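Remarks on the structure that follows.
Order of writing sets the labels: A, B, C and D. Residues in every chain begin at 1.
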């Protein structure tokens, strides 16, 4: 039975917020790779599809002690406990799933019927609903990537860690008689594009992959860890206030839990 | 009008029951005919391939079987239906005397136009089907899914579902959705049947079976 | 003109008057249908919903009508299982209201989902881990039960009853109604509960998340409980409104008072449970996720924590107190106030447990956004109300809904 | 009654039977399934065609940065732009604009055929014409002007002066008989003048950011798009790794300031003063490289001027910076092994004041890091274009000897090579006939990018004949009489010299066509050659090439082969650059406007998410703009909460206000921010387009409309960085 299984992996990301410049290249790389549509007015961020969204965090202090930091937020591909991520278990039609092979939370657009329960379940707002039919100006649909399905209106979509790139890398590996791929063979579009080199992607469980060590950085943290979502995206920041901003703390907890 | 109650009894008691059964059967039979015969006829449009093709003839002329024309690219992707470039080697000039050959050479080869083949086994856009995973890694043969098309001398009529745009081969020729051979249908259930049997990447947390992203994009 | 269809021994308004009533409400209904078609044809961009309010007015209306329609299962439970025989005089109406509420809920769901034509996936490709799957199955089954319960009522129409087949069918169905009532009560327990579970299981949303028993969060039981408590209140409320509109007494006071008393005690116990739940959530669950309870309300620019006061004190404790005291039940204005508050209370609870769960920011750098429904959302929410009014109008006119009507309103 | 009841029953039975039969047939079940499949394949939702994947390497020319790109194609469609691995400039990285380039290639703003104006100028109404007609019309007009002896009234505005296409345009003008070739000025021009004055060389600056170990930035948007964007991003990350300190001097906290180890909010416009303040400390404490400076010409004068005028107490009021800060800055700067001071505001798209550039360069000189690792290199101008000197006929000679319209190179402005900012006033102030009778515009959008845009548009409306080579329907193209659309950047073969990006080792790139031209467009190089041939005689003779491609291949000579393979060639040339301290005669540039009437200083700022030059923002880029910058069509002005609560104002987040400057006013919304100095307000560059498509036009305001030019006394460039402004409440 198990001979058909590929080795279990746990793909994840480590994003160095000290390096992240907030330029937004990752957002656009993602949109270009994944056929994310756009409307004439995208200023209402509440219905603007950005699988990877760069948030701006501020330290709340006044001039000249103010400080800010950008935080790119892809889908966290939460593992929860044993793969029961917040969104996966709630989907009534099994349109979203968690695979132990890759640790990726998948979303199947043709299965989804748009109940949006998963969006309610996700505390990261990583899931987006297609309120509108995706429309490209005439001629522009030429750049659409055939490796990623264009989403019809009325369904939920989200970051897939560019899973199609894993599929393609595996195809090449199979062709060459391999069953495993190298770290560099599968990288997400945002990782590849980031001009600051702030995003590192790989198998968190594989000691040969860079993320394996990076996630152990004393300055590493994850978003909303206290909820038990067990996300697979790690952040590194040398600034304490940034690390604090990654989770909720009661006042009496003295903001000292994470230094 | 004097005895309305009697009227009622008469009507309901005698003739009506028989009428009701008769019309019930009429309705039943009519709708069964509509559902089983008329509907499939209406549902599928019939399209002929632009040019006929003789698989049987070609398979004898090539060395590597199906893969001679339906080959893998170096990146592991599958080339699918051959492009003109592969045919030109032999068909620069008209070979043989068939009408289709003449059409092929005159209208396509000489004009450098690709033939708009209708693909029987075309999977929908949401499917990521990896031929290489099945053929190279899984060691499967073509017949399992495609049947004996390689031995055919002529291309069958392409039937297209008017609602979905799918080739009829996806649902299968049998409108009831029943199948006898592995290649009779190409629905998701048919894929998962084999995947379940073989336990292919049964890594889904939700179903314990194959995870969605194994075959979808 | 339609006198042949009207039950014997009761008086109804003229056909003209009735048609005007149908016309007015029908116009509202058509407005709703137009909005519904817009949503189906153009998509959900017709609404003001967004990624922060993916659960909005509709889902609230959905949960609210299901809670308010809870009168059907609970009254049936009391009548057929517990054996409170007096309630036979209001059970018909409770079933009708339940039928309206549940069919409305299904209709709203069909508009609310992004891909209505794929709605059946919830059954075909069901994920058994999802609370919504449980809701869908129980809801549909219970709607079937309600239809079966409503059917004999239709067959009791004066003309239909003349057909012996229908007459016998109706009679036989009445005989086995206890079975359906029991099934309905069982199904309702689960779908009311799983609707509560919808937000209770969201461990990524500390505002809604509740700890619980086995796989069920406490909201599972609280929802069933509150529906059982407030559903009958809604039945009383609608009965009172119907009496006001028809200018007739339709149900005897002792029946109403019995139902009110039971509801009162249900509401009282529910409120206590709700307070305990809120206390545990505020002092244990939320802090463990890093939230002080007022954090959830402080950024809301509109109502802040007052919604908690409204839900628990004004619409929970107060109506419960009125209903469990005899003088409160017997005072008509007090009773009316109590049932209105109870209906509002359960609706507010559903609002909080649906919209707010999704809108309360969880990431420290996220914000509360405000939402106001578009006219299409409002119209489609009013649509089932109009449909309910019409169905009540028709049922009241042509079916013997109120067994005591004849006795209470003798025709000269 | 009898019949109707029977009919009723029969129909009822028929229906029930029919329902039963239907349920037992595949119809309802298959139909339900098919309808859901229909929703999965809606014909109006595009389904990209699958096919063979290939990659084409090229060079991005959306900015002068010179990044290598690798474009993924599926069959003949370009589907994704990625950074080219191993490219000396960007090594796989790519910026946000470069990533969205396919939206330009396939976008709705492309000009699809040659066009001829039919409406009023600027109205944007055109009719399609053929290439033959279009070229003939332009050639005839140029021929007529030439035969009338007005060849010098023809001018050309090019986005850059570097590369074969700008040089072909310049050559055309020369043999035709006009000296009026202009390019769009950037900070590189101010730097070039600085290097000329302080080293006596014709050179571009090369910043060795990879080897510097202390960065003192006077408002340069290191991670906002200054220099070669991706290279600067990579350098910034390397600094983070190596714990190299960046100090950012800027009155608004830009991304660069937020990332910097230290942010010093100096008063806007006082950067040059602060630089000399630091120089004062270095000179006072002997912290400068004596072996380099003491022998340099003019050093004593420089020392004297600085010592007399730039003591910390003298400049405290102007800069708002305390003595201790200046002192420690000077110590840190001078104490570093390879300190580097840079300037050029934001992305450096505007030249800036000569005073400031020279003050900052003086710091580098004092630190002795000119032409040293980690310092500033003087990179000679590119020399690979070595065409034979053209033969000029009499008309051409006469034309070439007439003075330039913009006054560049004249006695007043001896250092500037072209002064585009002086063109509009020259046109508007001329008496009688317009001094520019015909204007050719290539890769430039002055009707959007120049200060005081309304005046620029007025001037352009006065020019009788404007020819645009633009690929996109931009604001300037709307003022054209004839548009000869160029191939878009991924459709054409062209050299892409990255000299203007501050690279310490410049790169010559070869931009290769990725896809075949999508529309009926023509390479500007070919259009220029065709025009020259149509003009005949010696004009034609100066263009012996049969096509632009042939010209390029010949020009690149032995570089052609390797460029064609690799897409880049690194130039390792240096130039001797003796140091001389130029006597500071230049003056700082102040913000226009009366302080009492206009209490605020309005500064435009550059954002990496907003393209603000010749290339209009792509839909993807606009999508990434935060809602604190743009909301629907309203732009937000950033203001410190301390300034927002003034006497008559009580501004809250999102309040609508009227923003008024001496040049104009516009309705904007308020964004309260602690990241900006009180008294300073800021709006982004890159919005407020009136041309292009619905994804860009009408969003926000163009800050250039609110800001007037401020001519630098030293160079003649427009050195404006801000303007005084006031905010007044309006009703929404």
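Criterion: a contact is a pair of C-beta atoms (placed from the backbone, for glycine too) under 8 Å apart; a residue touches a chain by one contact, two chains touch by 3 or more.
As the structure is a prediction and not an experimental result, all values here were calculated from the model.
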item: Centre-most chain [mean C-alpha coordinates]; value: A
item: Selected interface, C-D versus A-C, where C-beta contact pairs are more numerous; value: A-C
item: Separation of mean Cα positions, chain C and chain A [Å, integer]; value: 39
item: Rounded Å distance, chain C centre to chain D centre (Cα mean); value: 61
item: Whole-Å gap between the CA centroids of chain B and chain D; value: 54
item: Geometric centre distance via CA averages, chain B-chain A, whole Å; value: 37
item: Touching two or more other chains - residue numbers and ranges from chain A; value: 44, 56, 58, 84, 89, 91, 94-95, 109-111, 133, 149-150, 152-154
item: Where chain B touches two or more other chains at once, by residue number; value: 75, 77, 124-126, 206
item: For chain C, residues contacting two or more additional chains; value: 115, 118, 121, 127, 129
item: List of chain A residues in touch with chain C within their complex; value: 44, 46-47, 55-58, 71, 78, 80, 84, 86-87, 89-95, 111-117, 119-125, 127-133, 152-156, 223-224, 226-229, 245-251, 253
item: Chain B contact footprint on chain A (complex, rising order); value: 1-2, 4-6, 8, 82-84, 88-89, 91, 94-102, 104, 106, 108-111, 147-150, 160, 163-164, 167-168, 170-177, 179
item: Contact footprint of chain D on chain C as seen in their complex; value: 115, 117-118, 120-121
item: Residue ranges of chain B touching chain D (in the complex, touch as defined); value: 7, 11, 15-16, 19-32, 34-36, 39-40, 43, 73, 75, 77, 79-80, 124-126, 161, 163-166, 171, 175-177
item: Complex interface listing, chain B residues touching chain A; value: 72, 74-77, 124-126, 128, 130, 132-133, 136-138, 198-207, 211-214, 216-217
